[in-house]
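The following pair of complexes shares a single chain, chain A, combined with chain B in the former and chain C in the latter.
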Partner chain A sequence: MTRAGGGRRRRIDWSGYAFVGFFTVPFCLFTILPVLFGGYVGFTEWGILGTPKWVGLANFREAFRDEWVGRAFLNVLLYGLCIVPGVGLLGLVFALFVNQGWPLSALARTCFFAPTVVSAPVIGLVWVWMLDTQFGIVNQSLAMLGIGPVPWLTSTRWSLVGVSLASIWWDLGLPFVLFLAALQEVPGVLYEAAAVDGANRAQQFRFVTLPHLRPTVSLVVTLQVIATMRIFSQVYVMTNGGPAGSSSSVIHYIYTTAIVRQLLGYASAVSILLFGAILLVTLVQRLLIRERGTWLGRAA
Partner chain B sequence: MARARRLTVAARARLRSRHLRPLDVPVWLLGMLVAAAWAAPFVWMVSTSLKPAGQVMTRTIEWLPRRVVLDNYATVLRYPVATWALNSVVVAAVATALGVLFGAMAGYALARLRFPGRRVLFGLLLASMMIPGEITVVPMLIAFIRIGWASTYQALILPLVANVLSVYIFRQFFLQFPAELEDAAIVDGASRMTVFWRIAFPLARSSTIAATVILFTLNWNSFLWPLLVTFDEEMKTLPVGIAAFAPSVGTHTQLEGYGAAMAAITILSVPSLLLFLLLQRYFIEGVKGAGLTG
Partner chain C sequence: MSHDSGLTRRRFVVTAATALGPALAPRKAPAATRPIELVHWSWLSASDGEIWRQMIENFNAANKSKGIQIKLELVPADQYETKVLAAAATGRAPDFGWGTAGLGARLAKDGVTVPLDDLAKQGALDFADFTDTSLQAARYPRYGNKLHLIPMDLMSLQPEVNLDHVKEAGLDASKPPEDETTLLEWARAMTKQRDGKVVRSGIMMTGAGLQPTVTWGIVAEQLGFRRASDDLKTAAVNPEAGKKAMQWVLDLFDKHKVSSREVTDRYKAFGTGDGSIFWTGPWTLNGYVTQGLNFATILFPRIGAKRLTYFEMGGLELYVQREKGRYEASLEAVKWLSDNSFLWTTRGRGASPRKSILARPDYKTAGHPWKVRGAFIEGLSFATIGEIPVTAAREFTIYAGGNFLAKTLETVWTGQKPIDTAMQQIQERWQKNLDEG
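Up next is the complex of A and B:
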């Protein structure tokens, strides 16, 4: 039976509302409404008690003058420069390795993906211990190479790098799996044809594999950039933003402002700025990469 | 056990297996070494957690405890870990069950049914993926405090039940679902709900498992929201309670040492790691599907 004609297709399934209702009600209450409410609160002055007082753009003016906000946005940029290439390159290399199908590949795949499934305190604490200046295994291993103790999490110079190392370990799973899936979809015939034409492995990678991976690269970069702009949990657990704000992030600043200093209006304003930044970065990326048929494009 | 083995076999089958040529051996060795290094933090975590207090801080790296003791676990259990774990189980289980159910229904409707507003809803879903969830957290916290629901199960669970990822996973599945299977039942006069419950949903078994493992992991690991909304020690979830072992957050580590901290996070990571090792294929398939759609 073909889906018989236009009449059938045009009929409205009223039961659709019953189906989506269960999802839509909590979705509106706990996602859409808070976003709108947060948008309003950003233009007010509000402590946890009392009522919000409309202050127009004052919060935003203050945010642009606030050196801690600037510091937090700069840190997020630095996190991006460490984590995005780290995760992207390692994810690709690990996927290429596992995709060879050599012995124990499945075991290697398990190792590479496993950190993704554990929670922030696990990541944070195990790395705090491993990066301990005196007794951590990272510094003890470096000492064997003659490299002096690095104060990973306790100096303003290194704390951001220390948190980035843990983040790369944590975040790698998704890009790794996406690259692996993309590699498995490259038709084997293409490699055979390339081999017949006398292409060596490097050339096969350059002319067969890489072109097929382009949509995945853009997907991975987009997802990781957004994830990194939202970095919080590992920062909170590992350094709580310190020392002296050197590893703080925008969400960490929002958290401190809202919970510790209880400036809800100001915290919401900074949230709006972050949302704006994410939107801007995403749009720029989509313009630069111009990949149709992937991510949002494919879903829509 | 047999079931788990079948899954591992299936997972392995997905990798093209190829023989190792002699020239590739060094590359293979290096790769496996890196894989081992990638798993090393977990080994180090468990190993440290089993060491007696005097042997945690050593001048050289000792991968295995000289003597295995459970002292650190006893120390951790002096904190209300059982209560936190119970909270986490309740929150993650209820939120996951509802999230999968609501996601399956919404995904089905968005893929199969035509009704006014369908596109608007889908657009909202897409747009909401661009909004960092953290932005909704402050206004939600205010709202929950105002209605007196801070530090309650409702507060911990409700914001997790509308999971966009779940909708995506099921929508993706139902888009490829053959209409013929349902048409026969519809002709026989079955309602849409009946068709969904009797035919469509039971056939979406793999999507259901994928959505369940992914949502459970997300919910089990959920951190920022429970951190904000729980004010009593007894209402904390496991990740939030255990985060107090972090030197920058609480004082537990100064008091108890790294051995106890490692024992605490071993307890915290066992459920998600176990779930992952047993259901690896569904994890990876689901994450892949979710990643490809958004």
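Up next is the complex of A and C:
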């Protein structure tokens, strides 16, 4: 942001910095600085009062030994395996449905998106009732099909699935809208050409629709993986991580460690590990989906 | 967790706290300018919270002309201590808040809660009117043994029994279970099963979380287990008794089949009739009485060698302030709330720590019926399982659903770990906690 002036000394135009500063200063103060401070705290022992005491890598060593940390990371992986495909597939199916333009599709669009605008605690509380083993509507419905009561939130085997169901329902709105927008961008002439070439509906979807959705799929998967790795509210409200840590997540563990036990240094160390995991997963995803498109069978 | 001395924030907190006694003992700090609004934090969110709000409203109505008002702010219980610490670190702590005796050692050690012995005398609080037990429970022997809490109520955990279920099972409500045998007889008689699964728990339990943890804690102590020795040096005394207690809880589910693991919300489930015997605290009374549940409260049966139950004391603690004059107003408020805690200890929570209130002829007839609250008060005589007054008290408490103890026990309830392994882990962790001070 300098201005050259015919042999005179270059003059800085501060107005540019001022405009940028409206965003940059709060961003540095409230995002960059806390992140840097969090990184520093991860190498210390700190309980809010006093100055953090430097302990080097001790927190990280402890984290690798801590069975609850391992369990939380494993759970996040399992959440990812449940939620990401669930949200992606259902979002796509719903988008395809609405994209047909059938009667009441506008209402359906609203219904599919509505859960997204509801806060996570409300979603959690509603689903706690719906998934109650004894009187929940889900088990009542299953009972009509002759299926015995499923302990959705109270058994180590099902709790993660129960939380995933609520998460899928809650997270569906954004992928749905993204897929719908992408579907509406596919040129109609391509379908006409495919039809002329004798392609049926399934082949049109496979060879016309799906390739056009590739960037959206990449975006949805990336966003959803990151969101799933940060899953917290539903876990906190629905199971509080239990039973026996079977539904806990890394963020939930960080929360209990930092806020309930006040071990901020240790919690920060686990946060750094989570950051590393998210970064790694995102890079791998980019490599597989965006750069090479491997799973769609296409070279970029 | 260690903290360097001579550090800015800590220096502020410690200096303010230590300076408090000498600063206020010989001469009173100038009173804060009136009108003054005191900030009061509370985590009371069960049905007792409504009564506490009423107490605060009563105070505000009675003290409007004196220029002192209380602003009540609710803070989630699991975040409470951290928020108090953070607020104190920035010099903006609330004036006073709710505390549980025995759990505030860290706050006392770090000077976040104000020692009250001298201050309270200046505030004309009559210590002679408080029971000795209550004042003793409000101190931390390891950290100066000062008073850090003005007791407001004494609570014991006792079984509430659904009288409709008692009648339905043909049991005699006037002869409640006194020991393990009769307890299990009652539980079996009131349990309902469908297809081999318990659909109504004779003994209300959850598959994880607080209820099995506190049950284990009570039964273990009755069987002779101690979480810490009296000198607070040895953890998990008599671990075999602790293991037996774990098996006792497991047997409720698997052997006696009187409890279901599949209850999500124990309070709700007892209220809707999905459980028959539910050991809990007096904070539930207002809710169940208001909803018209037909129940009575009985004394916790003797399962081990000695009849014991969980004890909890709630009270008000003052937090360190920059403006010392605020303490006077806070104490004035706390004194008023204590003096007028008849409502609180007849409708809100358990027994009063004030002798004058206990001696009132209408103490048994006022508030909720004696059949539902009497056992909570009479049972205080054997409610001795309190908190371990060390900085890691929250790791030891049996009334918790998410601490280390509860999480470790959950692995036993769910069959993920053998009893021996869990007990060994508990012992190691607690010993480390005690060694760290």
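Everything below uses one rule, namely that the second predicted complex is superposed on the first by the 275 of 300 C-alpha atoms of A that agree within 3 Å, B and C clash if a C-alpha of one lies under 4 Å from a C-alpha of the other, contacts with A are read in each partner's own complex, and residues count from 1 in each chain.
Everything below uses one rule, namely that a residue touches a chain if its C-beta (ideal position, glycine included) is under 8 Å from a C-beta of that chain, and two chains touch if they have at least 3 such contacts.
From a predicted model like this one, the values you see are computed outputs, not experimental measurements.
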For A:Ile48, select first, second, both or neither according to whether it touches chain B, chain C, the two together, or no partner.
both
After the superposition on A, what does A:Gly101 contact: first (chain B), second (chain C), both or neither?
first
Applying the document's definition of touch, where does A:Leu145 land relative to chain B and chain C: first, second, both, or neither?
neither
I'd like to know which partner A:Val196 touches here: chain B for first, chain C for second, both or neither.
neither
State whether A:Thr110 touches chain B only (first), chain C only (second), both chains, or neither.
first
So, does A:Phe275 touch the first partner chain B, the second partner chain C, both, or neither?
first
First (chain B), second (chain C), both or neither touched by A:Leu287
neither
Chain B versus chain C as contact partner of A:Val177, first or second or both or neither
first
Under the stated touch criterion, name the partner, chain B or chain C, that contacts more residues in chain A.
B
So chain A touches chain B in one structure and chain C in the other; where do those two contact lists coincide?
48, 128, 132, 134-135, 240, 242, 258-259
Applying the document's contact rule, which stretches of chain A touch chain B when the two form their complex?
1, 3, 9-20, 22-24, 26-27, 29-32, 34-35, 37-38, 41, 48, 94, 97-122, 124-130, 132, 134-135, 137, 140-141, 169, 173-174, 177-178, 181, 184, 219, 223, 226, 229-230, 232-233, 236-240, 242, 251, 254-255, 258-259, 264, 267-268, 271-272, 274-275, 278-279, 282, 294-296, 298-300
Per the touch rule, the chain C residues reaching chain A in their complex are 1-4, 7-10, 13, 78-79, 81-82, 85-86, 88-89, 106, 110, 112, 195, 197, 199, 206-209, 261-265, 269, 272, 274, 394, 401-403, 407, 410-411, 413-414, 416
Mind pulling up the chain A residues that touch chain C in the complex?
45-51, 53, 68, 128, 132-135, 148-149, 151, 153-156, 240-246, 256, 258-263
Partner chain A, residues of chain B touching it in the complex
8, 11-12, 14-18, 20, 24, 27-28, 31-32, 34-36, 38-39, 41-42, 44-45, 48, 56-58, 60-61, 101-103, 105-106, 108-110, 113-118, 121-122, 124-126, 128-143, 145, 158-159, 161-162, 164, 167-168, 179-180, 183, 191-193, 196, 217, 220-221, 223-224, 227-228, 239, 242-243, 245-249, 258, 261-262, 264-265, 268-269, 272-273, 275-277, 280, 283-284, 287-288, 291-294
